[in-house]
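Next come two complexes, and both contain subunit A; in the first it sits with subunit B, in the second with subunit C.
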Partner chain A sequence: MLYREAGDFKTSYVADSQTFPIRFDRYGYYFLLGFAFLVMPLVINDYWANAIVVPFLIYTIAALGLNILIGYCGQLSLGTGAFMAVGAYGCYKLMTAFPELNIIIVIVFAGFITASVGVLFGLPSLRIKGFYLAVATLAAQFFLIWLFTRTAWFYNYSPTGMISAPTREVFGFPVTGPRASAVSMYMICLCFLVVCAWLARNLTRGSLGRQWMAIRDMDIAAEIIGVNPLMAKLTAFAVSSFFIGIAGALLFAVYLGAAEAGEAFGIDKSFLVLFMVIIGGLGSIFGAFAGAFFLIVGPVLLKLLLVNGLGWPTDLAAHLEIMIIGALILVFLILEPHGIAALWRTIKEKLRLWPFPY
Partner chain B sequence: MPDTLLFAMEATLNGLTAGVMYALVALGFVLIFKASGIFNFAQGVMALFAALTLVGLQSGQIPFAHLINAIFGTRVHHFGWNMPTFLAIPATVLVMIGLAVLVERFILKHLVNQEPIILFMATIGLAYFLEGVGDIMWGAEVKALDVGLPKGMSDTVDTLTYNWFGYGFYIDRLELWAAGIAAILVASLTIFSQYTKQGRALRAVADDHQAALSVGISLRFIWVLTWSIAGIVALVAGIMWGSKSGVQFSLSLIALKALPVLILGGFTSIPGAIVGGLIIGVGEKLFDFFMSPIIGGATENWFAYMLALVFLLFRPQGLFGERIIERV
Partner chain C sequence: MKMTRLAATLAATMLAAAPMLADTLHFPNLSYRTGPFAAGGIAFADGYADYFTLINERDGGIGGVPIRYSECETAYNTERGVECYQSIRNDSPLVLQPLSTGITYQLIPRTMEDGIPMHTMGYGRTSAVNGEVFNWTFNYPANYWDGASVIVNYLLSENDNSLEGKKIVLLYHNSAYGREPIATLNTLSERYGFQLVTIGVDSPGQEQGSQWLQIRRERPDYVVMWGWGVMNPTAIREAANIRFPMENFIGVWWSGSQQDVVPVGAAAHGYKALAMHGTGTDYPIYDDLRRYVIEPGKFAGTGDEVGSVLYSRGLYAAMLAVEAAKKAQEIHGVAVITPAMMRDGMANLEITEELMTELGLPNFGPAFSVSCQNHGGSGAAMIQQWDANAGEWNLITDWIYPDRELIMQMALEDSLAFAAENNMTPACMN
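Here is the complex of A and B:
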């Protein structure tokens, strides 16, 4: 009753093939967009922005990127952290080398730099897959982080080895550096996320996305029906790394402000984003949002409950968090391998028929 | 003899002993991969967990003391006794067997017939879970592990090499012991798999799951068995690494180092794991020795992976692996 397509007649192909064909869905989506752009900036404060909202937006971009690679193209990557570092250091080098350049252009270029690095490390995927590819991406993870911490040129010979973002403005509002306000940080991340999600959604339902999915489902069959595996895999690596690079650039420039490669972009970041993709749902755009939301908000809630609520020590709460995340991964893989996105689909199906059972 | 050559030889020897350690971890991977086709990412964390349990039992720590204190407001931490090593090690073995039963009962049973990549991700989840459990159970601080193995510079090697070359090599006695124990472990594993009933069943399952099932071998029992053996191998690796550098989280990162070892040696070959471990160990040390003046130190972090990457391009099945390999 709440959620149904009866009476929703389509009179053109464009209307029929839109992203949200069901009216209820579409209005929900417009409402969310309106809420995110109009209401959130009014109510957001520093705590909310720093603890939940901004990391959620940034990690969603990274999860979207990784989901394209793992969920849509079926190529396992454990090098997400390093690719985020490439985005961050690319952004930093461009910011300091061309101070006049608009930060938005800088971040997009950082994405392109990461895409080219991603393609480079994606080359082995043409010969190997599965665990073997995981090792190849691990090589990227450790090598790139080593490169960034050892080569002084990347951090402009700063004595601490850290990179820190100078202040840059968009329309007169500082979005990076210490003077950036919560609202402007939120808005720039939101804009990037909306554009990235729109891109990802439309890429994955277009010809390119179908090629990726064909490769994922059976590479040999895909090759026989005329999908070029070289092109499909490398574009998946490029698009995925582009998103991850943008996420890395935003994480460094907007959220962290200062970063050190080994600490901010270590292997744990790779796993965090991988977990987001698994818990959210492999091969689903909504899944990237759900997974990032779950893994950003969950630990904050847990910490609030255990440390502030029950007065437990912080380290114990942190260990419990690791344990719970691990257990959740197992539970999701066993009970619902397609993640929160599949749960959401079941709920939608139930809502569509409600109050009747079928 | 020129000094560089001597130093390089010392680096090689040190690399060999470090390689034994890698091989020990890789061994656990190979056992599980052969029997169940699962790439067990949690092997490193199992080593950490085993070592933590051993230290905890030895020093009479109360499990979950931290959690109990937090919930009930008590201040318990130790039972007040020390368990001797010869009791603590069998007790830890029992814990690892219990762990294997639980893993089979709650995870593997439900994931039968899933794609290998799903199983791989499940073991990543298991690794996180075990890490959290280990920390909550025994506390996260770095612990010293002492099972009575000798430590420090080996005087025999020092004097011997001094007499030969006029320069004494520095080799840790612990690492010589580790090499010996690894050799014993491999020998006993080989004997077990060649001459016992269970060992033959194990090999049958590794060869062909369905055929093994059809002649009446219980797959579930074999899985518990392999995970138990892998747990024991993890314990040995945990003892070695723990005695060397303390029981701490970085122990579980050696699991990642074992990945390139496996690629070199092949996923299904026990000798391959040993040889691969030695090659990685020596390669790392020599590369660092020759290249660090040119490109900066700490190349050990990535050398193994890069070597594996290059290797993958030319010989994807590894040195001793089976020929059949999924290639695109």
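Here is the complex of A and C:
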């Protein structure tokens, strides 16, 4: 019913290898883009933008980045929180040092800074693998946060060690600082997300992505067939950290407005993004979206339902929220160990065969 | 079917996200009853809620308008704090009390933009005392720099007005909160010639082995602590372990409640802390509280925090909020006030000894008045000491005043830097 593929013929290789080869998917994608860019800005209100949609968009970028590293290249990392902090502090330093620089350029540069730091901490991946690499990236987490809380230069010698984002404008609309409107915050995050997702999707389909996946599936075999492990692993760290840095910069500058390394980018952030990738589905772009939706929007919706809808006490709701999210994670992983993306893949196969599934 | 009902409830929730209930005064509370700092957050939130319940039950509200009290759980987490702020900002919140310095820093620019007053009592950004820059932020009756100065003044009086050659360790929660007093203590150490050693403890602060090893090596004369949550009892226990004399260990007012000393037991005997208000149930207001709130079962939480230090602080914060609302009603001559009117009430608040007695809280807090140039009240605090045998805090000094001249000067510099960063021209609003 949904997937009517009859008559959907491809007449060229380009058409055959496009991102969404199925017509229904393609139209769905165009519809979603149109909805996100044209309808959402008109209907979104402050609460929805600031409390739900903007953090969802930002964490999706972070999950995309980590998914490239873990899901596509198979390198376990627990340093996501620290890399987000690099993005945030890089963004802060650039914003304050070059006030006239456009914020979009600042955020992209913050991504590049994070990419170089990521490559540096990715070097051990050439010698150590699996859980040992996870421990090495854990060192990055603790070292970088320590650096940002102890070195006054990073927070411009402010007495409390907090960094706060000054107001910056894009096309005359403030996107950071307290004067930023919900729509402008939403739009800048959406633009970054769309570009990042498009980049990630095409990188992973290209030769670079194939190299990453070869390394992930069996690194010795990959090396024998001519994949350079140094290049493959370090590019994965660079691209992944670039996305995570952008997410960190957006989280600090657009969403939080003020941040402090230990509190906003602690080890729990690393785990949060890791869980997004695992629950969403390793090695899937859609998985990053699904994981971020589940772990960012889920708790807020639950809170709205329990506190505002049913009028329960806030502390009871907060405890229940943790229990329900925990239980849902278990249920999802037992039902489908490969994450929500794999669940969606199965449903899609069934829908394509409907009404004659076999 | 179930899904539809769920979706329907959810949809109804979304629609009802901003109810404009007419003719109530909305006092929200960004509380935290979960997370690593819940022990302190629960007590404060209970006291804050109970006072509003008392005003509603006994007086029928403020100036005849009932109070609408709401809570939003932040778990001391800045991201959830932002979410909470967004959920209440269109609901005409009269005053915000985030009880977290991190969330305060985030909300200061937003509340300025949205025109919502914020009261950060004994925490938050110290330089908010300068009301010409921070028009919407108030931190009366005392702030961190006051606290640091009061401790130093107390130590001066203990040591014949000389701290020359003494060594003082500041053990602080390594966050925006704990780092606040460092600048003041540095200045004071230059002025009085004592040596200051600052040692940070990473949040939440259950691991302090290396810090206390360092303290043991440094052999300080005094240890001053800026701790919160689980960090406090851990530090007191570690101090007892290295046999550091408890009477030389002084905490700020956030490190001086029952939750901090009771878990340590007898070893905590003699530990000192700042007190910005009285404690215990020996005040006339508790007769009313018992009659209108506690006995009818209308108390918040489980009711076991009544009379504790942080409960008293919540009570005090609510009392100051209600007095400011009364002042605002008086200034503007309307009963249903807006956040902007509430700000005027707070900016012209005057707390006198007679007023405190009238409210049933004689000698509970200092007398002070707020002005545009001074959003910080008097800054005075007392020193209290824990008696582990009796299980109670005893006030051992009278009000000690801080070195306000120095603090105001430092606050002026910091606030003007903030104004310059944000292209603001300092000016009074009234």
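To be clear about the criterion, the second predicted complex is superposed on the first by the 325 of 358 C-alpha atoms of A that agree within 3 Å, B and C clash if a C-alpha of one lies under 4 Å from a C-alpha of the other, contacts with A are read in each partner's own complex, and residues count from 1 in each chain.
We adopt the following convention: a residue touches a chain if its C-beta (ideal position, glycine included) is under 8 Å from a C-beta of that chain, and two chains touch if they have at least 3 such contacts.
Fair warning: this is a prediction, and the values are worked out from it, not measured in the lab.
> Quick check on the superposed pair: does A:Pro21 touch subunit B, subunit C, both, or neither? Answer first, second, both or neither.
neither
> Of the partners subunit B and subunit C, which touch A:Gly206 in the superposed model: first, second, both, neither?
Once the two structures are laid over each other on A, A:Gly206 reaches no partner at all.
> Is A:Gly34 touching the first partner subunit B, the second partner subunit C, both, or neither of them?
Neither subunit B nor subunit C is touched by A:Gly34.
> Touch check for A:His319: first (subunit B), second (subunit C), both, or neither?
both
> Touching A:Leu256 in the superposition: subunit B (first), subunit C (second), both, neither?
second
> Of the partners subunit B and subunit C, which touch A:Gly130 in the superposed model: first, second, both, neither?
first
> Quick one: is A:Ile278 in contact with subunit B, with subunit C, with both, or with neither? Answer first, second, both or neither.
Touch partner of A:Ile278: subunit B, not subunit C.
> Which residues of subunit A are in contact with subunit B in one complex and with subunit C in the other?
On subunit A, the residues that contact subunit B in one structure and subunit C in the other are 310, 313, 315, 319, 322.
> So in the complex, the part of subunit C that touches subunit A is made up of which residues?
Going by the criterion above, the answer is residues 6, 9-10, 12-14, 16-18, 31, 33-34, 38, 42, 71-73, 75, 77-79, 82-83, 86-87, 89-90, 101-102, 105-106, 109-110, 112-114, 125, 174-176, 179-180, 182-183, 200, 202-203, 414, 421-422.
> Report the residues of subunit A in contact with subunit C in the complex, numbered from low to high.
46-47, 50-51, 55, 149, 159-162, 164, 166-167, 177-179, 255-260, 262-264, 266, 300-301, 303-305, 307-310, 313-315, 317-319, 322
> Write out the stretch or stretches of subunit A touching subunit B in their complex.
74, 76, 124-132, 134-136, 138-139, 142-143, 145-146, 150-151, 219, 229, 267, 271, 274, 278, 310, 312-313, 315-316, 319-330, 333-334, 337
> For subunit B, which residues are in contact with subunit A within the complex?
Spelled out, the residues of subunit B in touch with subunit A are 39, 66-67, 70, 106-107, 110-111, 114, 116-118, 120-122, 124-133, 135-136, 140, 256, 259-260, 263, 267, 295-296, 298-299, 301-302, 305-306, 308-309, 312-313, 316, 326-328.
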